[in-house]
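Residue numbering begins at 1 within each chain, and the chains themselves are lettered A, B, C and D in the order written.
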């Protein structure tokens, strides 16, 4: 498929571009960075190779997904999202899907972003290990649609979003206990398990 | 008191022969009131049926067709059902006003019927300020609506009632002015005299262009006055649920409902009287049989009622500010200019008379 | 001037709208789309693929085609099918064979998704075109699809 | 007059009404908390969840075949397109080669669904602004489509005609004939819609300049479908990410730049024409072939994440599946168009009147089960 290839090339370019915004402080030498990223491409999943140092704080992968996936730490998350929206080369102005996910140990949120000018898509993933009091940054002020989506995520996963203007339960009543879409949620009355 | 009812002449004479004069005239008035009440309660029900049938035919449906022949008794059955229903109300309502409101509405509607001339001498109450009386009485109804909306202690009802107040007060002007235009020709407010003038040609023909404009304004304002679509801001079911009568049930609701239809009949009847020669037959074809006047009167009225139904089932509803724009920016200025034109025409004797 | 042209155009559009409804009013005799439902029961016929309820057809010998494989039970997303089965010894061959006792179908839980009928390898269950499914008690909606004393049709399993 | 603060939320002249969940204009069980000053809307807070069935949680329990029929119950007016979205996700993940016949049939039925949905919307829209007759005219035409569906799929609304790998059964022999009849019939009816409602001066006044949504806001709020396109935002998934047989047909994306209620209305009317043209291009040459490809009885998606977007009648529907390689999805998220479209209601209706809010809501074409899922 032709379209698929073009998207791949864009993904690589995107990866290089976005990766440079958050250089890994452990990697000092620029040339080393390039070398590492080349070897990474060439010897994919080579166990003998010493573990390649990621040149960026972000992790990029396209494995098992049709889009470019960026995994980001909660600390860099808000800065990354602001950059993704405001940088003219990326200009991801359309947040079309915001899903909360219970990964087992961690709780995460996945953001699907599309640029209406460049028509490229990127997926940003952020996770938090804290299941008791998970907190992430809100992106309401970047994409207005996030307000409702984040309320939905809060409702079903209990992930709190900093700086959210109106973080309340959206679907469930305020006195509802627990967060139903978490994997460890049990409700003997309402849930039918096959 | 000017009660002239020649078809009940016998009853009149008989009553005066057996009672003192005051008692006789009171009995007579009560009798006439009861007859009117009976006739128009039933007529109102059939207007509801007509509306439902007409709506169905506009909407590719059949309409009520179960109770009686082709559903003729459907609304009777509905009225019986409403009569037998429990009257539920809200606890926090202002009970006195809440109960009073429907009577205001229905009584004002029935009162106005008294002066309508159905045929020669068939008119309960022919006062010399007929038109003025009609306009005055028909605007009492809005007080009932305001009371009902306010006393219900329901925000939707209150919004509906407030809209109704605004709407009726505005459109009252247009109704009055458009009728005033026609009174320039007749020179009298008395309905029987207005009909008398029309023996030389219906007023809409006599007054030609300004009369037609006045008629159009009257129909628009009349539709608004009865709170019917496209001016049904008061009920506006997609906005306010049921508007001012949200909290009413059973017979109290039925009064509001019936009053709406009697008001519609009233508006059409006034238009018939003032513009279309009341009970006068076209070109005087049945002038020799005065009783047929009732037929002509009802035929003309029902055609106008049908027109109002046609409006209702075709047009979208206006917004409240557009409603006021229409009145104050379009109808009122046109109306005022129209009166001047009409005055000019009457002054220069440019009316068309046969 | 636009004041008057506004009025003129406005009235024109209103009359256009009225002509549309007026046309339907005049043709209301033949144009009515109302289905007089309980009256037209005799003539009202559903399409052959209509999903009314799941039934198990039996032939004249009171034989059905259900082998009790439970594929429909697994396929059903709502658990509206339950099969009670037993292993019985076939007197001719002496082999133990699975045989249904009751094929229970909860119409009240059925979403008419057709997955059970797609899953059935022997076409034992099909859609019926019955569209009047309302009953006075919820328990009537639980139906046993195989008739009493019915048996498996010979040769279905092969 | 100066307003004094009574409590933190309300000013003294403002009051609060509860629109819904049993309100005629909210089309179902949407509850809006309105803060009103006289007739002017100050704030709209949607309160959702009255019909939430937690379809996403149910999907984590069900197999992939069983998920399909749940999507019927989301946006029940574009049920076929929802089914298609799930099936496409599964088929893409399994890398199945879907026959051309299936693609064409799916596209035709999808476009018919879109027309049916817009017909209903048109009727209800008219009713919301007070023209009650439109409802019946819209339903009359929708009924013809429903009959086509019933004959081919067996159900009128919740069709569940798609299965992963193709269609449940082949089209009915009458399908082509009936569809052509409908197309011919409907071509005479859209002009009638225009004459009855679109041109009407009252309707124009009610719609023009009401609920304006700018292009930037449309994108930022994630508006899609006719709502986004009315703001000049080219967001037709059928154009940008064509699926099924949509890459073989030519059609114009209905675009308007005004962004008001009238533009949203006109975009939907234009879309009905475009859908008719798509159907006309495909209906005469439905290729011969199988109506499905065999899949395993137990479908297991390879480990990974899959996203599929389709253009449902209300906008962009996304299906996001995370699979761990088992027969159930680990997590399945539906990005429903109505949810994003609802979130902008407050933004575009503040400052309008109650009547404007109703008209705006009608043009957003909200289907509550789609929002609540």
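What we mean here is this: a contact is a pair of C-beta atoms (placed from the backbone, for glycine too) under 8 Å apart; a residue touches a chain by one contact, two chains touch by 3 or more.
Values in this document were obtained by computation on a predicted structure and should not be read as measured data.
Engineer: Which chains sit in contact with both members of the pair chain A and chain B?
Structural biologist: D
Engineer: Taking each chain's centre as the mean of its C-alpha atoms, give the chain farthest from chain A.
Structural biologist: B
Engineer: Using mean Cα positions, find the chain sitting nearest the overall protein centre.
Structural biologist: D
Engineer: Could you tell me the distance, in whole angstrom, between the mean C-alpha positions of chain C and chain D?
Structural biologist: Each chain's C-alpha centroid was found; their separation is 26 Å.
Engineer: Using mean CA coordinates as chain centres, what's the gap between chain B and chain D in Å?
Structural biologist: About 45 Å, centre to centre.
Engineer: Rounded to the nearest whole Å, what is the centre-to-centre distance of chain B and chain C, using the mean of the C-alpha atoms as each centre?
Structural biologist: Chain centroid spacing, chain B to chain C, equals 52 Å.
Engineer: Between chain A and chain D, what is the separation of their C-alpha centroids in Å?
Structural biologist: Here chain A and chain D have centroids separated by 28 Å.
Engineer: What parts of chain C, by residue number, touch at least two of the other chains?
Structural biologist: Correct list: 14, 17, 20-21, 33.
Engineer: Enumerate the residues of chain D that touch no fewer than two other chains.
Structural biologist: Those would be 62, 133, 136, 140, 196-197, 200, 202.
Engineer: So which bits of chain B are touching at least two other chains?
Structural biologist: In chain B, the residues touching two or more other chains are 58-61, 313-315.
Engineer: Which chains touch, pair by pair?
Structural biologist: Inter-chain contacts occur between A-D, B-C, B-D, C-D.
Engineer: Over in the complex, which chain B residues touch chain D? Could you list them?
Structural biologist: Checking each residue of chain B against chain D gives 55, 58-61, 155-156, 159, 229-230, 232, 236-241, 313-322.
Engineer: Mind pulling up the chain D residues that touch chain C in the complex?
Structural biologist: Residues of chain D touching chain C: 62, 65-66, 68-70, 72-73, 133, 136, 140, 143, 150-155, 158, 160, 163, 168-169, 172, 192, 195-197, 199-202, 204, 297.
Engineer: Which part of chain C faces chain D closely enough to touch in the complex?
Structural biologist: The contact residues of chain C facing chain D are 9-10, 13-14, 16-17, 19-21, 33, 46-47, 49-51, 71, 75, 77, 111-115, 118-119, 127.
Engineer: So in the complex, the part of chain D that touches chain B is made up of which residues?
Structural biologist: 15, 17, 23-25, 39, 126-133, 135-137, 140, 196-197, 200, 202-203, 205-206, 353-356, 358
Engineer: Along chain C, where are the residues that touch chain B in the complex?
Structural biologist: Result: residues 7, 14, 17-18, 20-22, 24-25, 28, 31-34, 36 of chain C touch chain B.
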